[in-house]
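Structure first, commentary second.
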Amino acid sequence: MDVYRITKEPIDVASALIDIADDRAGAQALFLGTVRNEFEGRSSRGLYYDAYEPLAEKELRRIGEELKQEFGALHVVLIHRIGDLPLGVVSVLVAVSTGHRGEAFAAAREGIDRIKLRVPIWKKEHWGNGQDAWHHDPEAFPAK
Amino acid sequence: MNPSTMTVHTLFFSFAADRMNGRHKTLDLPQGTTLGDMVRQYLEPALGPDSRNWLYSVNEEWASWETQLKNGDEIAVIPPVSGG
Amino acid sequence: MDVYRITKEPIDVASALIDIADDRAGAQALFLGTVRNEFEGRSSRGLYYDAYEPLAEKELRRIGEELKQEFGALHVVLIHRIGDLPLGVVSVLVAVSTGHRGEAFAAAREGIDRIKLRVPIWKKEHWGNGQDAWHHDPEAFPAK
Amino acid sequence: MNPSTMTVHTLFFSFAADRMNGRHKTLDLPQGTTLGDMVRQYLEPALGPDSRNWLYSVNEEWASWETQLKNGDEIAVIPPVSGG
């Protein structure tokens, strides 16, 4: 079973494992993005994620279809959480099942890379000093 | 509404919403306006020249510069994404 | 926290996620090996795994230390289940947390590759036709 | 026990246990026997020539051909592994 979802709720890894289970699969790869306490050396208190939900879910689905086509993924779960997330929390989950491990790693890696490139989701850093900044805002993150 | 104009709904996200002081704007545009026309004439003055390189969607699907806008369209302004 | 274990019990993925959690981590990668219903085109009813447990756990620990040294893994969990395992069940888990996703994928991939190469564990295929065969037994799997 | 001999415990796994008809054997060896001597003289006849290329452990640690065996040692015969 495939799942493509933008959610405000905690991401349930156990249920993703049930969704990708398949007797034809010898391999499952999962990638979880978690909220880190720093970004490029500056301390952070957490992240806020916003999304354009209808288009984001469509784009997650397109990425999942690509992973099935290109890597033979049997099942794909792509979930991104939005809202205010404290340190340590899972913000994004990529889970795939495949026949063998090579394709599982390749599909999971491409899954997160394509999410970061293409899905209309944005994150705001809550810096340790109390300031906030949207990533990729040229005023907040000047070109180096 | 003037029959030679149309009304479109525009959504802003991330720092584009900050620049616009809001996540939603309603614009009245001349009939025949393309997405590219709208970005250059109505959005670029507020969002800056980088906005020409951003992505846009019309009615929840990616759209090109040449897309003809229609009355009631929902246009989303997609500055560089940063999910993950 | 690091965990290196050979076990007869079901592998608990949720507890591995707790073990690798770290506010310094932006990425977690998990690989799960699951019992597949075929091997090289022959149908299978399941697998039996045996291990030389004391040396297997030592070798898991050595691999984990390598993943921390080579890829900067913050925490590593390597668990292999043994005994008779039905189709679909998780036989092996590799879980790592790292600062960024590149190292997470690299560490998890090396983790499972090194387990397969070096840890004294053996699997017996329960073929669909009722026969059994140890993998790598030259009489059961003649060189092609 | 003859003072010129020693007793070692040998563990077999996977198809090596099938070949030996058992997972444990106790061997009486001359004092001074190395791991390589034991493999060539006592195990290879039953396990076949491939067994020279396998790995072995002594007392739960990988051991080389030159390892001097001692009374009471536990030797494990490690045919090619297939975990995962």
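Should a chain be cited, it is by its letter among A, B, C and D, assigned in written order, with residues numbered from 1 in that chain.
Quick note on the criterion: a contact is a pair of C-beta atoms (placed from the backbone, for glycine too) under 8 Å apart; a residue touches a chain by one contact, two chains touch by 3 or more.
Predicted model, so just to flag it, every value in this text is computed and none were measured.
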| item | value |
| --- | --- |
| Whole-Å gap separating chain A and chain C, where each centre is the average of the chain's CA atoms | 24 |
| Chain centre separation in whole Å, for chain D relative to chain C (CA means) | 27 |
| Interchain centroid distance [CA atoms averaged], chain B/chain C, Å | 50 |
| Where chain A touches two or more other chains, by residue | 33, 101, 112 |
| Junction residues of chain B, two or more chains touched | 84 |
| Graph class of chain-chain contacts, one of line, ring, star, complete, other | line |
| Chain-to-chain touches, reported pairwise for every pair that qualifies | A-B, A-C, C-D |
| Parts of chain B lying in touch with chain A, wherever the complex brings them together | 11, 13-15, 18, 50, 55, 57, 60-62, 76, 78-84 |
| Chain C - residues contacting chain D, complex | 33, 49-52, 54-56, 58, 80, 91-92, 112, 115-124, 134-140 |
| Footprint of chain C on chain A - complex, ascending | 13-14, 17, 21-38, 87-88, 90, 97, 99, 101, 104-105, 108-109, 112 |
